[in-house]
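Multiple structures are listed underneath, in structure tokens.
Next come two complexes, and both contain chain A; in the first it sits with chain B, in the second with chain C.
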Partner chain A sequence: MNKVLSNKKVIALYITPALFLVLALIYVPIVQTGYYGLMKWNGIGEMDFIGLKNYTVLMKDALFWKSALHSFLLALFSALSLIGYLFISIILAGKIKGADLLRKIYLIPMLLASVAIAQLWMKIYHPSNGMLNTVLMAIGIEDPPAWLADANLALYAIIIPIIWQYAGFYILIYYAALKNIPESLVEAARIDGASPWQIALKIKLPLIMNVIKVTIVLAVVGSLKYFDLIYVMTGGGPNGASEVMASYMYQKAFKGFDFGYASAIGFFLLVICLIVTYIIRRFTAANEDIY
Partner chain B sequence: MFKKAHSFLLIAVLILAAALAGCSGNTDTASGENGSKKTIKFMHLWPAGSSKQQNQIVTDIIEQYEAEHEDVKIEVEVLENEQYKNKIKVLSSSNELPDVGFTWAAGYMTPFVKGNLFAELDDVLNDGLKDSFVSGTTEAYALDGKTYGLPLELNIAPIYYNKEIFKKYNLDVPQTYSEFENAVKTLADNGVAPIALGNKDRWTGSLWYMYLADRFGGAEVLNKAIDRSGSFEDPALVSAAEEIQNLVKENAFNKGYNGLSNDEGKAEFLNGNAAMYLMGTWELPNFTTNEEIPQDFRDSVGFFKFPTVDGGKGNIDSWVGGPGVGLFVAENSKVKDESKEFVKFFVKKWGEQSVEKAGVIPATKVDTGKVDLPDLYIDVLNELNKASSLTLFADVQMSASVAETHLNLIQSLFGNEVKPADYAKQHEEALKAEEGN
Partner chain C sequence: METVKPDGTPRIGKGLDTKLVSKPIINRIAYGIMYVFLVLVAVFQIFPIIWLFLFSLKNNQEVFNMSPFSLPENPKWENYAKVWTEGNISLYFLNSVTYTLSAVMLTVVLASMVTFAITRMHWKGSRLVLGLFMVGLMIPVHSTLIPLFSTFTNINLIDNPLSIILTYTAFNLPITIMILLGFYEALPREVEEAAVMDGASIHHIFFKITLPMTMPVMATAAIINMIYNWNEFVFVNTFISSNSFKTLTVGIQNFIGQYTTDWGAIGATLVISILPILIAFLILSNRIVEGIASGSVKG
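Up next is the complex of A and B:
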């Protein structure tokens, strides 16, 4: 086997089909999107080449920057929520009663389709007979807000279910990483008299640092291109109050019939995601591979 | 070892080849001739769940057609309204429209026609079909003197109201706007939502705006602003926007309307939580023949015309409405003749059956003497015959990108986030920018 795998021709032969697929299905469309971004095109019929006009208009588009701000807010909250997930995972991975059951409970939101989650939370947020407002009215708040219809609250009202949706995924990743830590290390620390808090902070956290870095990238980039719940729950409204970059792109393409401009947004979004990934990797590049 | 690795590779390549073959296969047989039978692909937007009656009629018509034309098979795809609009756009950008499908009139249809995707239907129309349409309905589907769609529905939008609720609070059907405001106030004071509205879909709020614009400035003021022979900063259009915000201030709409879809808003009316609901006549089946809605409720639904405003130029018989969805035939269809034949058949049968079985008002003329119809339906039909003018829905009149601006502004207006003067100004700017293109 080793002999085969060191043969360059065989390597090329193995790689070619996959490489071909990746190029054709991922990189060609990316280049195409950038190319469409140079066009004035309503999605039907002829395209007009207009150079960088879509991109220059995009730079001055207040609505786009508003949606970009919302995307960044979402990314920020997602990244912050990782601390909470980490905390829960550390407790779960310790020897507590019922950890097995709790793990399953945390995992359940991950098993639901986004649209189902959206429907569920829309019922919760329903202004007159939703669960949330019913509870609020029961405890004496007479006029609770209409969460998804309030321009100041809509974005935050959606961020909560998004964080809820991904809890299981990240807890599972952290949990697996924590379980991977050799028991002997924790044992040794305990014998040396370290408190559980010290063990978590000084032993466990550094040991799973690589996993944490990956989850930060996943959470931030995932948030920047987030779409599903926002589309179903508010469609970006009321009047753009919960619009994010991906939903704005969708609106331009499929509602406003401006595929060229939407392609420009898509391409710009790709560039932003690449830059953000690069920055995160730079800032977390130190102390690779501890054990 | 060596041998094993190679056989693994061989299998991998075979699987890949099979997968790719699966991707590219059978695109040719999808439409066009399929053995000896010809297949017409047909997409419509009346799923059995939300438009039961309409769906049933479509299925019946297709069965009849297939029975009469044994060499033709009709392949149906059904999508809900918003999904339908999206899918049609995706299909049209890759030039793969179904042979027959649904479209909306005017501004919505224009890019498809200019992109050469819809076939001319004048030959179908002149083949004895023309006289059966209510005058004015096919015109909305014409561009540069050629017709590209055949309308199925004719809609107007009355205000439906719950008679039981009105009786409970001693309210009469409002004739003037001040009576209407009084009704709104009485209902709101008693903790009943006066008006059901789901403004997440935005065109629902646009209906209210359009009526107020009409009642303040007359039937032409909005049309003129849109076709650029007038201005959106016309005082009547600004007053209409102010009036919307007055209604909002008086709690005229159910709570959270800007975050609720039209279906959720409608539910408030169907549940008896809200007293009034302004919507197109496509809702009539729900208030007349739909068995799934309790008889008690259906009996308690009445309708009235949007009241006139004091000093306004609008006429009470002027309606917001116009032809609803229509059928198109794809220009590049491989079975164009058969598709046109099918469309012709469909329009005729639809005209006969939609009235009786669904209580939908078709775009073709109705002989009310022949069929036994619910009173509510007859009343609406009589009003339609008296109509002094029909203003086509604003977002359908406008081009797609201006319509987007309009709809977003409507949502801001209802959310008190934009001042009426700015609301008008931003419309004017969007319309001007479009004109320059």
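Up next is the complex of A and C:
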């Protein structure tokens, strides 16, 4: 039997096509990005090797650091919103009527294309005709802000739809994890006189800690590389007020045709994502891990 | 100490009584507050989409001069007819369907083969190969965008649907393998052992026995893939320049530019783009919910 199940040729046959695609379209490009980062290159013409110059310029690029700060702010708000999602899931996983329906309603924004979400929220934020300002004016606020055009507000105005978009996703993950907790454990605690609050904090949370860690990594890394809504809603504007690392990279490459510099940003982004993943996982180290 | 009340019931009994009665009342109030909170969250999640649907059936005058909560006076379904026939929306729609389905099928089949080889067959290095796929989950697509763009340009795959289908497949393989993994590991070994005893070849075991057994999880994985591919934006926006190859997400982005002031038309375009996924969700919501949960937690 072992002969059949350890046939090398068959293993190679089953693994190779997928492995080839992943190596060719994910791993090789990462190496190339690092390499292009050493070049002065407009994307079409000759490449000029300039060593680490792109990277040293990047370290001093105030606009890049501003966009990095925005990315980290987005990550911070996403991580904080996890607390809210967790709270909602704990209530939802208690014996609430219609929990199934509510959970499905929460999930709907997650199914929509970011482009559609971006367009929809641009309409909500529209200075004169949008839903938000129409309501604000109706309740007597005479001069509501032009949300996406206001340099102080644009980034936060985009963070809200992002939190809206992913709410159902994280609530669902927490809900599924909470529902996996054996009823007998909760029952035992209840008989011992634990309050629902204590049960949630002392029993349920520790039991789903692994899942919480995964969601922290997902939310933070996902935020660091976030792009779609920003690209459509503000293009990083006004005046860089909502620029994030990925949108800055995109702009440098496909609008500024500075592919070498953009590659350096792309490589730096990759390194940041991997380091942050490593740090979060180190901080929340556990014997059993998810991936 | 008087332990007996006028009506003769012991006081201690009354104490117990209040405890038994008042607790459910507090519980019911807490329950009510929580319920209201959950419903408010649901309204926040769903209302923008309802508003979108409402203004897709209005003309500008109704959008701008009436309350955003008002229903359209007489629904302007012609907004939909207009955007569907003008521009290339129907073509973008067809492209989205083609790319999504081709990539989903390719991904699910390839991921099944990998997962089978990793979980059901015995070989050194299977953990390493699995690790290679799993690290793929952490890699930002933006870090690969420029090399992919230049490579596709060099091998004449730029502005070619194949570049989209192949990148979708590559980037969805890790998550798909992750979803399949837990299910494959839980399959009983006896079935394969019996098949081997009966002299079945390994291909026979995979295609005729294991693959059919994994139908439910393949369906789940396929739906998750479908959502990702249908909504994908960056790759199409970067690799495709001809209108004839664009998908709905990129298409509507450009298309809406022509309708800067016609909110009804914009609304109709957006509703058309989200309708297929919403319908799929209404029909298959349990599978989608299951897939998202298992895709992100198990593995």
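Quick note on the criterion: the second predicted complex is superposed on the first by the 264 of 291 C-alpha atoms of A that agree within 3 Å, B and C clash if a C-alpha of one lies under 4 Å from a C-alpha of the other, contacts with A are read in each partner's own complex, and residues count from 1 in each chain.
The rule we apply is simple: a contact is a pair of C-beta atoms (placed from the backbone, for glycine too) under 8 Å apart; a residue touches a chain by one contact, two chains touch by 3 or more.
What you are looking at is a predicted structure, and each value in this text was computed from that prediction instead of being measured.
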item: Partner chain(s) touched by A:G43 [first = chain B, second = chain C, both, neither]; value: both
item: Which of chain B and chain C A:F254 touches, first, second, both or neither; value: both
item: First (chain B), second (chain C), both or neither touched by A:T234; value: first
item: Chain A: partner with more touched residues, chain B or chain C; value: C
item: Contacts of A:V10 with chain B and chain C, given as first, second, both or neither; value: both
item: Touched partner set for A:L102, first chain B, second chain C, both or neither; value: second
item: Partner chain(s) touched by A:A146 [first = chain B, second = chain C, both, neither]; value: first
item: Which of chain B and chain C A:Q119 touches, first, second, both or neither; value: second
item: Residues of chain A at both interfaces, chain B in one complex, chain C in the other; value: 1, 4, 10, 14, 17, 21, 43, 128, 253-254, 259
item: Residue ranges of chain A touching chain C (in the complex, touch as defined); value: 1-2, 4-8, 10-11, 14-15, 17-19, 21-30, 32-33, 36, 43, 88, 91-92, 94, 96-97, 102-116, 119-121, 123-124, 128-129, 131, 134-135, 138, 164, 167-169, 172-173, 175-177, 211, 214-215, 218, 221, 224-225, 227-228, 232, 246, 249-250, 253-254, 259, 262-263, 266-267, 269-270, 273-274, 277, 290-291
item: Chain A partner contacts - residues on chain C that touch it in the complex; value: 31, 34-35, 37-39, 41-42, 44-46, 48-49, 51-52, 55, 63-64, 67-68, 110-111, 113-114, 116-118, 120-123, 129, 132-134, 136-151, 166-167, 169-171, 173-174, 177-178, 192-193, 196-197, 201-203, 205-206, 227, 230-231, 233-234, 238, 248-250, 252-253, 256, 263, 266-267, 270, 273-274, 277-278, 281, 285, 288-289, 292-294, 296-299
item: Complex interface listing, chain A residues touching chain B; value: 1, 3-4, 10, 13-14, 17, 21, 42-46, 125-128, 146-151, 154, 234-235, 237-240, 251, 253-259
item: In the complex with chain A, residue positions of chain B that touch it; value: 1-2, 5, 9, 12-13, 16, 85-86, 89-90, 92-93, 111-112, 114-117, 193, 199-200, 202, 254-260, 264, 268, 273, 399-401, 404, 408-409, 411-412, 414-415, 417
